[in-house]
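Please find the structures below.
Here come two complexes built around subunit A, the first alongside subunit B, the second alongside subunit C.
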Partner chain A sequence: MTHATTLRFPMNRVEGDLEIEAEIAGGLVADAWCSGTMFRGFEQILAGRGALDGLVITPRICGICGTAHLTAASRALDGAAGVEVPDNGLRLRNTALMIEHLQSDMRHAFLMFMADFAGPAYLQHPLHEEAVRRYTPFSGETTIETVHETKKVLEIVAIVGGQWPHSSYMVPGGVVSVPSESDLIQCFHLLARYRRWYEKRVLGCELERWDAIRSAADLDVWLEEKNEHRQSEVGFYLRFARQAGLDAIGKGHGNFLSYGALDLPRQTKVKPVIEGDMRLVPAGFARGAAIEAFDHEKITEHVAHSWFEDPGGARHPLDGSTSPYASGREGDKYSWAKAPRYDGAPAETGPLAEMIVARRPLFLDLLRKAGPTVLVRELARLTRPALLAPVVETWLREMSDDGDGFYNRPGEIVEGVGIGLTHAARGALGHWVKIQDRKIVHYQIITPTAWHASPRDDNGIRGVIEEALVGTPVKDASNPIEIGHVIRSFDPCLVCTVHSVSKHGSRTLIRL
Partner chain B sequence: MSCQHERRIICAGNRYVPQDDIGPRVFDCLSRRDLPADVCVIDGGLMGLDLLRFVEGARRVVFVDALQGFAPPDLTVVLGHRAALEERPAAYGHDGGLACLLRMLPAVCGEALPEIALVGSEPPAGEDLIEKLADLSLRIAMGAVVQETRS
Partner chain C sequence: MSMNLYWLQSGGCGGDTMSLLNAEDPSLPEGMESLGIDVLWHPSLSNSSAAEQTMLLDRLTTGEQELDILCVEGTVIRGPGGSGMYDTFHGRPKKDLISALARKANYVVAVGTCASFGGIGTGAKVEAAGLQFTKWTKGGFLGEQFAARSGVPVVNLAGCPAHCEVILGLLSALVAGRAPELDDYHRPLPWYGVLVHQGCTRNEYHEYRVEEKEFGEKGCLFFYKGCHGPLVYGPCNKLLWNRRSSKTRIGVPCFGCTRPDFPQDYPFFETQSIEGIPRELPNGVKRAHYMAYKGMAAAAAPERLKERKTEI
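Our next item is the complex of A and B:
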């Protein structure tokens, strides 16, 4: 008979409070439960407030994804007001959002995900010493460089937003901050600096060379082509991760969701990725590599296993509610996160989902050959800046040349319904708002982490992280590093809840 | 935007979460006052590492935040330069906030590291305590010798 052990541990290095319970039998994760341990309540805070208040309150949900929440709130109000955003308004909104991605992708990769490579679990790994040099928390060479470079590139958001932090320049109808010619030149310089660092340190090659990689075989050729490629962060990541077995864990359900994001201006040199989809990040839902058209009506939230009042089955966010309910069924209910589903199915979102839905050849090939493993998922995040940076350059240039405006006045929003879909760095983010008599009567938010860290749904189907953990080998239950890799590959961010400074040593955490 | 003042008070926290609203409330309190010309107050929110840009170029920086485990609620806590920088999370994370920033400062700022102090209290905090924290942070920003208090 197999002996089963249950591990419960707080998941640090994620936003807010996430606790994972994993049952381990025969050295493998047999089952897992993912629990958000803190009620957020932003939906309640917003109800009854003025129509535009989501623009100010929702960016404060998160210290990392503030621009993404501002984008979603603005898009929801664009819809409620029935106003179109002029081309330069789109360019500026997109630029700010993409800069947030450029920063977040690198910080997650080098400060959080690869910090594990420098830990004691990998003392015997042949590349451990080099990992320590690069990624030791707070002192590793790559760590410090990443802090410097990502701090610098974020200045673009401060410039185009006219204020930072707590920028509120996005409004229904566009943006109210119009950058001057010298502002745009400064942005060019900041972006050029980031690109130089990214090409030299992260890729070890120019973006164009990376863009030529179309398959797993091409990737292997690239890796062996030059020492610069092998020593780059991507090259080192591939070598370390393969030897650590990250190419075999964390596969999960294999469903991928993209709401679509970054609307293309009507006049732009940037071409749509998928013909007919006028967004840089196309929308779609994929079961494996089989991609279907996206329909927002198919999004529902389940609460059978969440500490919320059940409105009578799964509901679309415009019809659902967020009423805390923590009595009666504690045996079944175990999370303050709801369970979002698309067409009844759990779905992964984020950089890998974006690559699959956009039919990026390299990632489709990796998916076919190995599945959506930890290695592939993190590779997608690590290399997304290669797609975004050149587009930001183009849109900064077009902002300078295009005489089109930044803002169309929407008029007062007395009544309306708005759906604000976009992508945060971690994946699909949605705001749903109903306005009556100039007041918000209903607001629902589904974050990317709600998709990933969801509990089981009404049908008992596991959430994305829960499913991805099943089958994960655990060599050392006192330091289950493999579980940490799987969870962190989704970059969970359970919103900004409490951020107090704790006295050193006052809490005992099992560090993953 | 960056700040040109030599003395800066950076208030961190989330004004929509009662357990984390001490920093923003001190910010509001200081914003209502006439401050000396070389002092600026910054609503640092949840920006964590991104607050680095407000530290660079300063002579003295006072952080204000909700604190946990240093002293019972209703007491003010002050940590001087060395003690503040000793607050060491094991690793950077989404939840790291100010603790990660403090830990990262010496490596990132090098010799340009300004004098640092950390002022705060364990939540919840009444209005009197917020006023007291505002007074304290302003005095320290203006150059008062830091008298460390902690349990």
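Our next item is the complex of A and C:
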């Protein structure tokens, strides 16, 4: 006989505030509700402010992906002003955004995701002792190295953008800074340092060897090929995660969304991944491995289950509103997050979605064989730096040689409409702005975490994390580590709270 | 003397934690070890279970376990209508937890401008407040008379974000048993006694009033681009960011993020002026004197500066 237990508890090592309520029946998650528990009201704060103010205010939405918000805000204003960004402006914008990814991917993986491997839930795991040595907060060997190497690579953002986090060096038309030859040389050395560390400790091989892995079978060959591969972070992750069952949980809807990001300069040695898509991260929407073209008009937001006044059905972000309506826990509404949908469907975004839409052979094969599991999703994040680092190198080099400018003066933005789409480390990010009489009259933001931590939509369809949790086995209800893995595999930028608890029927309260 | 520390995040972005992770000599893990600080809980870094965290909070709020240092990152969300329900924890307003812990801690540290002065969200629907100030007004969430158990009021490590060396510097002073002298807005003077302007590599352009009117020109950002460097206290150009540079050095105006009124209620990237002279002048300077001085300075500007030949 199954009796259902509802779990709610606070989750840490995610950025922001979120609660998950999970109904457990027969040791499995039977249903789940994902609820953002904090409203900050950025969109309303922006209305009435100066046309450029999004460049200062929106990076402050998120301390870990502020450069992505700055990119989205600048791109929206490029559009509103009708200005083109010169090649070096593109290179310098892309450089800081990609460095932010290099930082975030490693901090997320080792400080936030793997930290659980060192926790009490895995005392019986054969690799637990090794995980404790690597990932114990504040003292693990990998933890300390990650803190050290990520802060070094972020120095590049400070050199080109003044500081990290929270710079505002991108403006409509390009960037305000013009790095000197000496600045670029310093950046080059800092990036080379990161790459050496990443190859030696994270991959255990050179980037070229990793790039040669094109299938699940290749991955197994690589793992067994050398002790360096098995002992590297990726090798250890694969061994630990398989034995922990992470290759069987967290699949979800199987829809993948990429807005496309990182415009290629007009003149560059970097080749497009998909012919005709002039971005390093191509755009597309995939149901499973069936990929279709991306159309931003198909993005809508639903608020039937969100604590906002319902404008009457799904809205495109240029027509949407953000008017808080706190109604408590009664009724249908249970989150401060809206429910974004693409062509009516929920979709996951982030490194794995990028790999699928870019048709990366290893990830297409893993998807075919095992589905979008926690293991595959985190592997995509862990290995994305292998794709990004060499491109940053090329763009730094090209900036020294290319006489093209960093900034085209757009003139004052009196009125206009702009859409700024890009990717944060954790996935697709969009800003939609309308300007009238030199002031912002409308600003809407959809973050990658809104896609992932979405509540149900107007049709009652679960959000991405909600769906991915269904069917997850929970061994110990007092420490439901599996739920944590599924949620953290999406790298949510929210402090996640999964709340207290009641049992249907007898309503036993369990505090977790 | 070793101390324990509880780090609480409220209405913020986590940027102060990200800043803290940038610390170099010592780095965050090395610093906690060498200072003997036991981090009981940090929401982004700890891996204890939810059950352990709940028990810890019970021990701290009942006084069963003493709390040495409480760090709060993010604004106190009081909306809607003073209920605090725009930011909840375990279904209860987060602000209640802040209050309970602040009354038990020996030192309360507001990390960043949101926790110090309310920051983003003051005057908006979320009814944001700093711990002991709301913008320029003393009081804030905990009240004008609040003092932590040590007798020290809330220490404000202003900045958006707070600089990593300021956070670790203050913790080092507290562990050594010294609470540093504070300014009128409770910012510790060792770090907030210098202007952002001090150390900016554009200083020669500033001296001779060679200004940037368009982004990317070499020049000073004070007269046209809304730079607050000469007006606002903060160690940006003394300590530098990420050990490398600062916003003003690379051409982004200082937005005055350490000041209680951040974010300002007028547009960024432009200077509010009266007859071509900034409305707001450096502390203690008379307008007539400033006009005469800047007029003469501009007249004295050498050609090499006017031609923007000095590197920045």
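We adopt the following convention: the second predicted complex is superposed on the first by the 484 of 512 C-alpha atoms of A that agree within 3 Å, B and C clash if a C-alpha of one lies under 4 Å from a C-alpha of the other, contacts with A are read in each partner's own complex, and residues count from 1 in each chain.
Quick note on the criterion: contacts are C-beta pairs under 8 Å (C-beta built on N, C-alpha and C of every residue); 3 or more make two chains touch, one makes a residue touch a chain.
If you're wondering where the values come from, they're calculated on a predicted model, not measured in any experiment.
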item	value
Which superposed partner A:Val147 touches (first subunit B, second subunit C, both, neither)	both
Contacts of A:Ala289 with subunit B and subunit C, given as first, second, both or neither	neither
Which of subunit B and subunit C A:Gln163 touches, first, second, both or neither	both
Which partner, subunit B or subunit C, touches more subunit A residues	C
Partner chain(s) touched by A:Arg60 [first = subunit B, second = subunit C, both, neither]	both
Contact residues of subunit A, present in both the subunit B and the subunit C interface	12-13, 15-16, 42, 45, 57, 60, 62-64, 66, 107, 111-112, 115, 137-139, 143-144, 147-148, 151, 154-155, 158, 163-166, 497-500, 511
Complex interface listing, subunit C residues touching subunit A	9, 11-19, 21-24, 27-30, 32-33, 39, 42-51, 53-54, 77, 80, 85-91, 94, 120-121, 124-126, 160-161, 214-216, 236, 240-252, 255, 257, 263, 266-270, 311
Sites on subunit B touched by subunit A in the complex	1-2, 12-17, 19-20, 43-50, 52-53, 65-70, 86-88, 90-100, 102-104, 107-108, 118, 120, 123
Contacting residues of subunit A [partner subunit C, same complex]	9-13, 15-17, 37-42, 44-45, 49-53, 55-57, 60-64, 66, 107, 111-112, 115-116, 118-121, 135-139, 143-144, 147-148, 150-151, 154-155, 157-169, 171, 173-178, 180, 186, 324, 326, 329, 336, 406-407, 409, 478-479, 495, 497-500, 511-512
Touch list for subunit A against partner subunit B, complex	12-16, 42, 45, 57, 60, 62-64, 66, 107, 111-112, 115, 137-139, 143-144, 147-148, 151, 154-155, 158, 163-166, 493, 496-504, 506-507, 511
